[in-house]
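Structures follow.
The two complexes that follow have chain A in common; it is paired with chain B in the first and with chain C in the second.
This part shows the complex of A and B:
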């Protein structure tokens, strides 16, 4: 009898353990799917006249100094279309490899003298087989030796948290762990240094914080593409 | 004619080896006012007119090495004058160009050689013919705002027909001309969109002045023929002269590929026997680059 009385008890304890284990397992499985404890930065970049600035790179780094882990850098593309670099500004994380496909029906000769990456892709059509590795943070100015007006920029960021503003001068950086950060802005025509734009920013664990930056812009005196009449002769 | 045929043959050969070329390089519309079309000295002979010109050019470019390129450019231009219909013309030309860049980047010096042959078709048969030109140009972008250039040019013009002589011992092919010129120029961008261009050209060679009978010009001329384009009893006189041309222009970029420009040109010619004329040219130009 006792044995009989005990016998049903044992399975009951086992079922409870199994139920708790199952719940724990479900909880563990459910954890990654739960809303992340992360905040967003809604950044706006304007010039001194109040006009939105497109193609500005907004970078945030934790105030502690460590850039933080992000997705591993992959392969990006800097295209050449209608004798222009597309995009005009390409922000990438240090360690990214960049392909330079040529989608024009003429050959281009891409080069850069920039300390962050000095390289040259002599005359080519199509897509070069080997991408170029950008492993040093900084700004890389691109040119084409056949078409002097072609200018492009690759911004190599030490931080995984960066993005480029659109035509409305706005960009959102999402999924940032809550905490204190420093926000910086860079633009091809930025007046002064990128460091001068640095501003502290507290990112909440959930929700978003707004960050507005005003920058000065220098004139863009790149080589002119439009034809000019009256070149000598009589 | 021979040079033109050779250029045409070369064009054919090059075109068969290179298929990737834009059909057009540029397209332009220009209004030009020349206050002394006749290149005349006396007020009674000076005639000015407004002209509308439309032009386009295009052709393949062959990038030989990273620094050297060869281009073959066809040009087509039509000009319509407001009053002097005889000056209306359609020109079609072919130019072979070689360009070398001495290094990498927009600030390295560049050198260009161009040879061209242009067919000239006017409403007045006297002016029909061929124009052959050879030019060498060196240029350099000095700073992001300033670019400099210098060139030398040689021209020869051959007319199709030789009219009957007016004076037995003076030839009548007034539009058989040759000249040499040298020039310098500078572009200054005072704003990212605005470019100011300055130019100065020395020109030594034949000019054609159309006037009524004129003894000093007759004595200085090397060819004479009736030129009814500017009225009855007017004659075209060919004479060797020294000409200086000063030009200034301002060009505004419209988008990335087009420009609108205003230009002014002052010409001053001097020939033997104290003959001198001056003229002013005003231009308004729209250009689109493909």
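This part shows the complex of A and C:
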């Protein structure tokens, strides 16, 4: 299933004529099963126009205390398919190791200059044997040194409670112990800082609470995709 | 656009040059022709000046037209060049921006650079900027964070930890919108082209500004491409204008800077197209305006240079004009001279002909029309010369005899006198008149007369052996001989030789003609030193010689009066008039018959009672009348009157025999007997009443004809008498043949016979001879009684003379006769 959608872009950078298109599989992050005494957060992210925002990461941090122990971080995968990072936005908990399997028949050179994780996977094909550890919370912007238009985001969360909105702008965080939380939203095209989106949220022990967040989006900015033989578009 | 054409400054140049050239030509041409100024030269001059002026005018018009076209063309082409150059410039700047942007983008895409820039190590960042900036020839590079603060820049020394704000924030904003941005701005005071591109990792994580120098190299590159002069001027509010880069040479740059003016105002002053004046067209574009300063591109093209591109053409045209002018003038000169020189030569030739110099032909022969003209001139010269020669010979030569004529004779005489005056030598002139030539002409015809004249001329030639002696025929039967260096005596000898040469008779058509002439001689200097005087004196001498039958005479002063008197009566017309108007009268001189002592006859003598001059003695007009032929009219008048008078006397009972003189010419006229017969019948006269006296010489001239006439008269019944006997050359044989009854002894013998024994002897002999031949004898010139007695004693029959009676008019004669009859008791009786 392939869906054509507007992709999130980095804030403040925009190139109007560069319409960025891509295929994005909408993934619902599979979270570990929550204990019975837990509440859910049904989060909705919309832009100022009221349109649902996909690929927005919703993070919930317990108020006042530590994030609390969750399930230990495992290994995530950020694929490169058809010269695109898949998924476009990959939220992971700090300490997660991410594999970058190359599903294209060409080589890629994945890098990141982001302060949260600077790394480089020089030209390779197939799946590198060792995954990359993302142990520092923050946003890691992924690029390919060969293909300028390839961009991907790994959101490294300090909290174990996070999820990514779907195409309807909604996501449900379940299994949270009841209590007060702070909810934040991040998006590649988020206007302003992530902290600015913080909002307190009381999560009941059982049941669900709705959280609606409206965020501003900067214009989409994606590098122009190089023409591919056999394909007329981008 | 500049409205004024800068061509005016040079358009006047050829005008001045041409004017000066003309002036020089004007002053030079007369010099060229000086010394030989003539009409033809002037024509040549005119031709040259006209041609030169025409050519100069044409060339001036051409140059002016070219000038106008050039300046128009140049202006238009410069305008187009500037316009095109401007478009090229704009396009080139766009391309350059694109190229620089691309170059910057590519540069910034470099992974290593990005790695370095993202390293957060300032020194690394600066080093990388330096390194990579050098790759694309950037003058400066700057790394700017997303927060628009400068993270690092080239040429930055050290890191003081501050992160200054990026001065061209709007470029970042521009680049955010468009992916990249560019402008031209001042950094410090120098202009740079700035390009801002994002550092993509892969989304923009920072900005890099790349600055490229706007320098002379750029200006030159653009200048080469646009074909214009390209200048980059910077303007600052405080510093004013500065020319940062230019293709102009230093003077042009300072001129531009000067034109841009001092710093003024708060904004960039506008730049007008005519900022640099009329000589330049200019286009300006503000390339960037930042803060307090601006960078302006100024494109300019020189109109003067554009016009100067035509300088070569103009130089060629001027050279062509000068060459064609020179060639035309030279050619005109050559042609004009080639025409005028032969024309002048022909004119000179014509002047020579005018002066009568025919010996030289036209100077040069050509094959063109002038040559034909010269040839015609030459033919004309030859024809004129020939005709003049003919005319001259006709004018100076006697056509009949071939002798020089009067004109030539006079000329030679003049020359001879001129020479004689210088060398003090004599010159003599002989004037020869033929005797009785008229008679020959009248009786024998002109052709005979002409032959006679030719013969005379021939004889003259034969006598004159000296080349300098010139015989001439002056007209009619009058000849002259010029004897240079001959004295009167020598001339006399020559005259004698001439007379001798005349002695032999001339044979014409079987007739023997006797030639005799009378020669007058006058000699320079004793008789005159003027040709006219000499000739008139020779003439006088000739007359005297003729009248006195002297053959020849040398002039003497005493001749003058005679000739003068004679000369005055020498008009035939006057004499004829005398006959017609009865100015003549007859006087009668009585003749005494010695035997009877009575007056038995009278001699009729003609007298001329001239209405003005009075009485003219016969010896002053009779010879002239004889010479001119007028004597025949006179003789007839005399005969008629004598007949009439005698008839009257006879009617009155006075039986006088009347003697009438006939001249030699009368005898030569065959019509005389007939005429006398008519007169006889008219007056009822009888021949027996008359004695016709003929001179001895009349018979000598043409004895045959004279004899014939005399014989006829005798047959008519006239008595005949030989007049002036003893002076002629008649032979006794002739005398014997003549039917005469009487001899008249010439008075030259009688006058002095009383004292001259020779005369006495002659008279006696003649009387004896006459008596022996049965003739009676009459003596003329009896002026004394002594002579009368002598003659009486000698047996002379009749006497005539002043002792008897002078000639008397008829009216006086009759009383005298009556007195004489009464005195002597005898008178003529009717027989």
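Definition applied: the second predicted complex is superposed on the first by the 189 of 234 C-alpha atoms of A that agree within 3 Å, B and C clash if a C-alpha of one lies under 4 Å from a C-alpha of the other, contacts with A are read in each partner's own complex, and residues count from 1 in each chain.
In this text, a contact is a pair of C-beta atoms (placed from the backbone, for glycine too) under 8 Å apart; a residue touches a chain by one contact, two chains touch by 3 or more.
Model, not experiment: these values are computed from the prediction.
**Q** Just chain B (first), just chain C (second), both, or neither: which does A:196 touch?
**A** Neither chain B nor chain C is touched by A:196.
**Q** Quick check on the superposed pair: does A:225 touch chain B, chain C, both, or neither? Answer first, second, both or neither.
**A** In the superposition, A:225 touches chain B alone.
**Q** Using the touch definition from the top, say if A:75 reaches chain B (first), chain C (second), both or neither.
**A** The answer is neither, since A:75 touches no partner chain.
**Q** Using the superposition on chain A described above, determine whether A:113 touches chain B (first), chain C (second), both, or neither.
**A** So A:113 meets both chain B and chain C here.
**Q** What is the contact status of A:148 with respect to chain B (first) and chain C (second): first, second, both, or neither?
**A** Touch partners of A:148: chain B and chain C.
**Q** Now for A:212: first (chain B), second (chain C), both, or neither, which partner does it touch?
**A** neither
**Q** For chain A, what residues appear in both contact lists, the one with chain B and the one with chain C?
**A** Of chain A, residues 109, 111, 113, 143, 145, 148-149, 221-223 contact chain B in one complex and chain C in the other.
**Q** Please output the residues of chain C touching chain A within their complex, sorted ascending.
**A** 109, 111, 114-115, 118, 146, 176-179, 198, 200-205
**Q** Using the touch definition up top, name the residues of chain A that touch chain B in the complex.
**A** So the residues of chain A in touch with chain B come to 84, 105-107, 109, 111, 113, 120, 122-123, 143, 145-146, 148-149, 219-234.
**Q** Give every residue of chain B touching chain A within the complex, in rising order.
**A** Interface residues on chain B, with respect to chain A: 20-22, 26, 28, 30, 61, 63, 65-67, 69, 101, 104-106, 135, 137, 141, 144-145, 149, 151, 153, 155, 179, 181, 183, 185, 187, 189, 191-192, 195, 197, 199, 201, 203, 243, 245, 247, 249, 251, 253-259, 261, 263, 265, 283, 285, 287-289.
**Q** If we count contacts the way the header does, which residues on chain A are in touch with chain C in the complex?
**A** Touch list, chain A to chain C: 9-10, 12-16, 18, 109, 111-114, 118, 141, 143-145, 148-151, 188, 221-223.
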